[in-house]
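Here is the structure we will look at, set down as structure tokens.
Note that the chains are named A, B and C in the order they appear, and that numbering of residues resets to 1 at the start of each chain.
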Amino acid sequence: MNANLKETILNPIFKGNPITVLVLGICSSLAVTVEMKGALVMALSVTIVTGLSSFVLSLLRNTIPNRVRIIVQLVVVALMVILVDQVLKAYAYGIDKQLSVYIGLIITNCIVMGRIEAFALGNKPIPSLLDGLANGVGYGLILIVVSFFRELFGSGTLFGLRIIPESFYAAGYMNNGLVILPPMALILIGCIIWIQRGIQKDLQEK
Amino acid sequence: MNTNGNAYTVIYSTIIVVLVAAILAYASMALKPKQDANAKAETISQMLTAAQFYSKEECSSMGNDKVLEAYSKNIKSAFAINAQGQKIRDLSTDVNKIELIDNLKAQDNNIRGKKDVELPVYIFTKDGKDVTVVPCYGAGLWGPIWGYLAFSQDDKTFVGAYFDHASETPGLGAKIKDDPSFRAEFVGKAADYNASPIFSIVKGGAPKDQQNAIDAITGATMTSKGLSAAIDTWLAAYKPYLSNNGSAPAMTSAQPADTTAAPADTADIK
Amino acid sequence: MEYLNLFIKSIFVDNMIFAYFLGMCSYLAVSKNVKTASGLGLAVIFVLFVTLPINYLLNKYVLLPGALSWLGDSFKDVDLSFLSFIIFIAVIAAITQLVEMVVEKFAPALYASLGIYLPLIAVNCAILGGSLFMQNKDFVNVGESAVYALGSGIGWFLAIVTLAAIREKMQYSNVPPALKGIGITFITVGLMAMAFMTFMGISL
């Protein structure tokens, strides 16, 4: 049981990473990877939503009428997302504004529904909670790696703090404007997948 | 238990819906005052930044209450005008019930649709002189952009400006908000109410001797264009009020009637 | 002219996939061949076109602060905007269900080709994203929201069909083993997005 639990937590972070291996939840959230601050908040929000909705739906799993299963899931997920959105609006107003519609889009983030369907509906609440949280973390990890490169090379800053010194700019260094634009997020993820599959040969597709 | 029966399904769905609605209504009611205060403080700090009372960083470190205090300490009068430039009502400036007109989006639609408008004018006192702050609103490349323009006593010369946006490209279009040197370009420039456009942001650099234009942001052509149009549209809406230096509507008596105090170089464009 | 501008813009400039990454999951999963890709693409156009105007009306007359004022003065201050996510997703889920039943009953041929995708679509980010973006933009009437929905849907359709065509051809290419499949697809989409950026700034 303990080994099982450990597997539940560790698997989604690298070997079964929701983005690079399961290819879930790329949807909207890439758009918030231009700056690390936004990516971090998005990662936290997704983690909380996935964890809590997995937990709640796992508690309810034996009572949900089959015919309205998807709707009940959507309602619970939407409830969590709205709560996160409201709390952010009250306590982190600037960041909520920056994330704008993407917070709402967590509802249809395939990770959340995917984990509920694949795990929470067949397991006890505590492992479901852990599974949800771990998937959120694995997902957040990729967001943060992508945003690290995009912010560093696109704006020369990390978390808004200047990393590339002014003297570089004086010497003719320029920020790479392309990194900030949407296409580079996709190409960066492609590269991350390339590296991961180079290391873990068993993940390669034929 | 049979979880597939009709009655069960209906009762279950009803309970879930009621429960969720109750939780949401509670959360929304509990957090609403805080959210509204955030929004209000945000708008006010944009005005204070535009009028050069504080920098953007100072405002965000002040906290909501201090921002509200700073507003009601420095404001002289706030009121709404109509399309003819006449004052239609006062806005409360009392620290406990500060009243703003921040439905810029709706006002923007009204301006463009030539419908009735209710445009806010905020007059601050800074170093003994009046600073008039008015908003502007328009479309950028990806979403709406808006901001506040601050004029000196002659209602023409800029003492500052502040802009914000919903989703412009970071590092490019987002510079309208993030780059203080872009905002600093406005200082000393002046609107020309007889020209068209009244004020513009010019790609490739504004002519040095032109008073009512500044340079666009490199690499952010569409955002600059959108901002230029937003400023021009809104200043045109304010023209009846601002071009008469606030003296046309009879009710604002505090303004000096003559405009000779204005810096000479703002008078015309060569 | 306004409508044409909005239409072109929502297809090419504000493309759901290339500019906002909306609906990526099904985009990557169902783009292995052109036939299924166009099936899903059509379903997305259809559902967007039906749900977005409905959500627009709901937003305007129920959800926004003061939107309920048509019920009388006492409802003037009601602000239900916190419910918008849940209402939008409920409308989308209900409409897809309804559409599925109607299509099955009256157009079995269409159902045979679209049917399997309809349930998938309720959780497609592009549909909810369309409604949320609609809330963010200043559409003045239902017509604009419908044009936006149609344009976005066609943009999505275009994106998935072109990707599927490229992927069909790519089967015969010699891709590094670690990049095969999803890796090279991401990079391809990135390059396509770059190509679409040339439309940026278009204004009619």
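Everything below uses one rule, namely that a contact is a pair of C-beta atoms (placed from the backbone, for glycine too) under 8 Å apart; a residue touches a chain by one contact, two chains touch by 3 or more.
These numbers were taken from a predicted model, which means no experiment stands behind them.
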* Asked: Which chain has its C-alpha centre farthest away from the C-alpha centre of chain A?
  -> B
* Asked: With respect to inter-chain C-beta contacts, which pair, A-B or A-C, contains the greater number?
  -> A-C
* **Mean-CA-position distance for chain C and chain B (Å)** => 32
* Rounded Å distance, chain A centre to chain B centre (Cα mean) -> 34
* Using CA atom averages as chain centres, what separation in Å is found between chain A and chain C? -> 21
* Structure fact -> In chain C, the residues touching two or more other chains are 19, 82-83, 86, 136
* Asked: So which stretches of chain B touch two or more other chains?
  -> 20, 24, 27-28, 143, 166
* Asked: Going by the touch rule set out above, which residues of chain A reach two or more other chains?
  -> 71, 75, 78-79, 82, 86, 100, 181
* Asked: What residues on chain C touch chain B, complex-wise?
  -> 14, 19, 79, 82-83, 86, 136-138, 140, 200-201
* If you look only at chain B, which of its residues touch chain C in the complex? -> 20-21, 24, 27-28, 32, 105, 108-109, 113, 139, 141-144, 166, 221-222
* Note which residues of chain A are touching chain C in the complex, please. => 23-31, 70-71, 74-75, 78-79, 81-82, 85-86, 100-101, 104-105, 107-110, 113, 181-187, 189-191, 193-195, 197-198, 201, 204-206
* To do: Write out the stretch or stretches of chain B touching chain A in their complex.
  => 1, 3-4, 8-9, 12-13, 16-17, 20, 23-24, 27-28, 31, 34-35, 38-39, 42, 60, 143, 166-167, 169-172, 219
* Structure fact -> So, in the complex, the side of chain C touching chain A is made of residues 18-25, 28-29, 82-86, 89-90, 93, 119, 122-125, 127-129, 132-133, 135-136, 176-187, 189-191, 193-194, 197
